[in-house]
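Dumping the structure here so I can ask a few things about it.
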Amino acid sequence: MLYTINKSPLMFGNLKSALRIAPEGEPVLLYEDGVYAAAHGAATEALVADALAKHPIFALKADLEARGITRLIDGIRVVDYDGFVALVEEHPVVPWL
Amino acid sequence: MENTVAVLMRKAPYGSVYTAEGLRSILGIGVFEIDVRVLFVDDGVYALVKNQDPSVLDMKSLGDAFPSLPEFGVSSFTVHAPSLAERGLSVEDLVIDAELVDDAGAAALLASAGTVLPF
Amino acid sequence: MKIGVLVLEGPYQHQAADSAYHFVKAALARGHEIVGIFLYTDGVNNANGYIKPPGERNIAERYSELASQGIDVIACTACARFRGFRRDMVVENVRLGGLGALADQLKAADRFVTFGD
Amino acid sequence: MKIGVLVLEGPYQHQAADSAYHFVKAALARGHEIVGIFLYTDGVNNANGYIKPPGERNIAERYSELASQGIDVIACTACARFRGFRRDMVVENVRLGGLGALADQLKAADRFVTFGD
Amino acid sequence: MLYTINKSPLMFGNLKSALRIAPEGEPVLLYEDGVYAAAHGAATEALVADALAKHPIFALKADLEARGITRLIDGIRVVDYDGFVALVEEHPVVPWL
Amino acid sequence: MENTVAVLMRKAPYGSVYTAEGLRSILGIGVFEIDVRVLFVDDGVYALVKNQDPSVLDMKSLGDAFPSLPEFGVSSFTVHAPSLAERGLSVEDLVIDAELVDDAGAAALLASAGTVLPF
C-alpha cells in the first residue's frame, strides 16, 4: 500500500501516525504541505531519517518547488505527477488525510 | 475486484463533517453490494464514544448511529487499540463491540480491503 | 488501469481539487482510464459553473474540461443541497449523482485515490 | 461592548459557522452590539440562500435571521467570485462587500473574534 | 489575551504551540474539537495539567456534551456560550486556529 | 480604539488558501487607516521562504508578494524565532528583513495590537 501524506509534519500528527501503522517496506508519498517533511534541517528530520531506513519515501516535485524546498533529506526520492501515477499503478493507496 | 472497501475514520466528530459523511458513505455504498469494513484510528475513535449529545448544537448524535449499522449489512468494526489507549479510553467506553487491532492489524485490514476511503 | 478519484474539498480553500486535477491529467497521459471523479462534501463546489476567478486558474472549468473528455464527473446530490449548489449551477458536462454512483466507481476501479484535507 | 465577528469556513464542512452563530446569539443576549459579521474565504457560502438541508439546521437562514435583527452581515465580494457565489444567490438581509467593510468592522469593534479551521 | 483552541490536541500542534506563547496567567478557552484536551486520561493530560498551573483553562460546555466528554481533568472550568462571551468581555481574543 | 491589528500567520502556504488571504487582507485593510503588524508563527514562517515557485501548479508565488508590502504602507514584519529554528531556517532564507522575537515577544506583539486576525 502507498501511504500518502499531505500535512506539514510540525503542526499535524499525520506523518507520525501513518509511519506507526505502515509496515516496513511500504512506500510513503509526501505531497501538498506534506513535502515539508522532506526538508533538510527541520525538527522532524530525525523521524524522517529513521523512516527512510524502513520505507522508500517520495516527495512530489511540484509541491517542493512551489514551497521553495531545495535542500532535501538524503534518501528522499523526488517524483513528478507522472511518478505519482506510477506509484499508484504499483500500490493501492491509503490516503492519510 | 472483490468489492471490499475499508472506510478509514481518523477524524474527530462535530468539529468537521468528515465523521458524519463517513457514516453516510458507509450506509450509502454498503447497500450497493460492497463489503464495507470500518477502521477507527487516531481521533476517529472519538466517533464511538458513549453519551454524545450534540442536541444543544442542533446536530444529530453520531454515536447513536453506529450501533444500527449491522441492520444495514455493515458489521465489521475495528478499532486501533493504541489510538484508544492514548485517549484514555477502553472498549467499555464505546457504543459498539469493536474488534481491537494493533498497528500491524490495522495495516493488514487496509491491505486486505485494497480500496481505502478516508474520512 | 482503471482509476477512480474522490475529491472532498472545494475550490481554492484547499489544494485537494488542484492535486486531483493534476493527478488525473498525469494518469490520462500514462494511458489510464479514469472510471469517474466523485465530488463529495465541499468537493461539489468545484463543479460550480459560476466560478469566475479574476486572473487565476478556473477550477470548475478544469473539471468541466475533464468531463468533456468522457470522464464521468459526478457531484454528490445531497451534499449539493446542504451547500446551496443547485442543478442549474452545475458546470457543463458534470452531473449530480448519489452515493450509488460512488459505489459504482469503487467497484469499477483497480485503484481508488482520495484527495482531501 | 461592540463585538466584530469573522467567519473563515463554509457551512456544514466545519463547525466554525455554527460556533460563530451561537457566540453571536449569546453576545446579543448579554446586551452587546455586534458591529458586523464578515464572511470571508469559504465563509461566504454561509450566506447562500439556496441551502436546503433536509432535516438539519439551516445555516444560511440563521445568518439571515441575525442580519434581520440589524446586524451587518457581509460576504466578501472577491471570495464570492472565486466560489461561484453570485449576488442573486445571497440570502435575504445579507450583502456582499469588500475588505473595506472588514476594516470598518475592525475599527468599530472593542473585541474581534474569528471562527475558522 | 484569551487564547482560544479549537483543535484536538493529539493530532494537531495547536494547543502546544499556543501554550508556548501564552504568558503565564492568560486564560485559555478550549472549544470545538479543542475540548478533547480537557478529557481525563488522554496522553496530553500531563501537558494540560502543567498548563493549569500557569493558566486558567476553560472548556465550552456545548462542545463537551456533544462529544460525550464527562470526566474532566481537575481544574478545568466549564463555561457555556454566555461564559465564553463573558471571557471575551474581559480579554481580547487570540484565535489559535 | 488605536486601529492596530496583528495579522497572525500560522499556516503553510499553497496547501490551503489562508496564507494568500492573509496577504490579501493585509493589503485590503492596510489601505483603510489600520496599522497592520504581521506576525509569523509555526508553519506561517514558510510563507517567507525564498525561491517559492508554484507556477507548475498555476498559482502565484506568495513569497514574491511580501517584499512589496512596504509600498502599501505595511512594514511591520515579525517572525517567531523558535518557529524558524525548528524548521531549520534562518533570516537569510527569508524574502524580507523581519524582526525576530521569542515567545514573550510574540505574545507582547499580539497584546499590544489588541485585535488579532488569524490566518
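Labels A, B, C, D, E and F are assigned to the chains in the order they are written; within every chain, residues are numbered from 1.
By our rule, a contact is a pair of C-beta atoms (placed from the backbone, for glycine too) under 8 Å apart; a residue touches a chain by one contact, two chains touch by 3 or more.
For clarity, every value in this text was computed on a predicted model and none was experimentally measured.
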If you walk from chain to touching chain, how few steps can bring you from chain C to chain F?
1
Can you list every chain that touches chain A and also touches chain D?
B, C, E, F
Co-neighbours of chain D and chain B - touch as defined
C, E
Where are there more C-beta contacts: A-C or A-B?
A-C
Please name the chain that ends up farthest from chain E once chain centres are defined by their CA atoms averaged.
C
For copies chain A and chain E, work out whether under half or over half of the interface numbers are shared, and give different or same accordingly.
same
With centres defined by CA atoms only, which chain is the most remote from chain D?
A
Whole-angstrom distance, CA centroid of chain B to CA centroid of chain E, is 26
Centroid from C-alpha atoms only, then distance chain D to chain F, rounded to Å. What do you get?
25
Rounded to the nearest Å, the gap between Cα centres of chain B and chain F is 39
Where in chain D do residues touch two or more of the other chains?
8, 12-13, 15, 22, 41, 56, 78, 112, 114, 116-117
Give the residues of chain A that touch two or more other chains, as numbers and ranges in rising order.
6, 10-11, 13, 17, 32-33, 62, 92-93, 95, 97
Set of chain F residues in contact with two or more other chains
10, 14-17, 42, 57, 59, 115-116, 118
Show me, using the given definition of touch, all chain pairs that touch one another.
A-B, A-C, A-E, A-F, B-C, B-D, B-E, C-D, C-F, D-E, D-F, E-F
Complex contacts: residues of chain C adjacent to chain D
9-13, 41-42, 45, 48-54, 56, 60, 78, 81-86, 89
Contacting residues of chain D [partner chain B, same complex]
12-15, 18, 22, 56-57, 117
Residues of chain E that touch chain F when the two form their complex
1, 13, 17, 20-23, 26, 92-97
Taking the touch rule as given, give the residues of chain B at its contact with chain C in the complex, in rising order.
1, 3, 5, 17-18, 21, 24-25, 28-29, 32-34, 115-118
Along chain B, where are the residues that touch chain E in the complex?
10, 12-16, 42-43, 46, 49-54, 56-57, 59, 63, 86-89
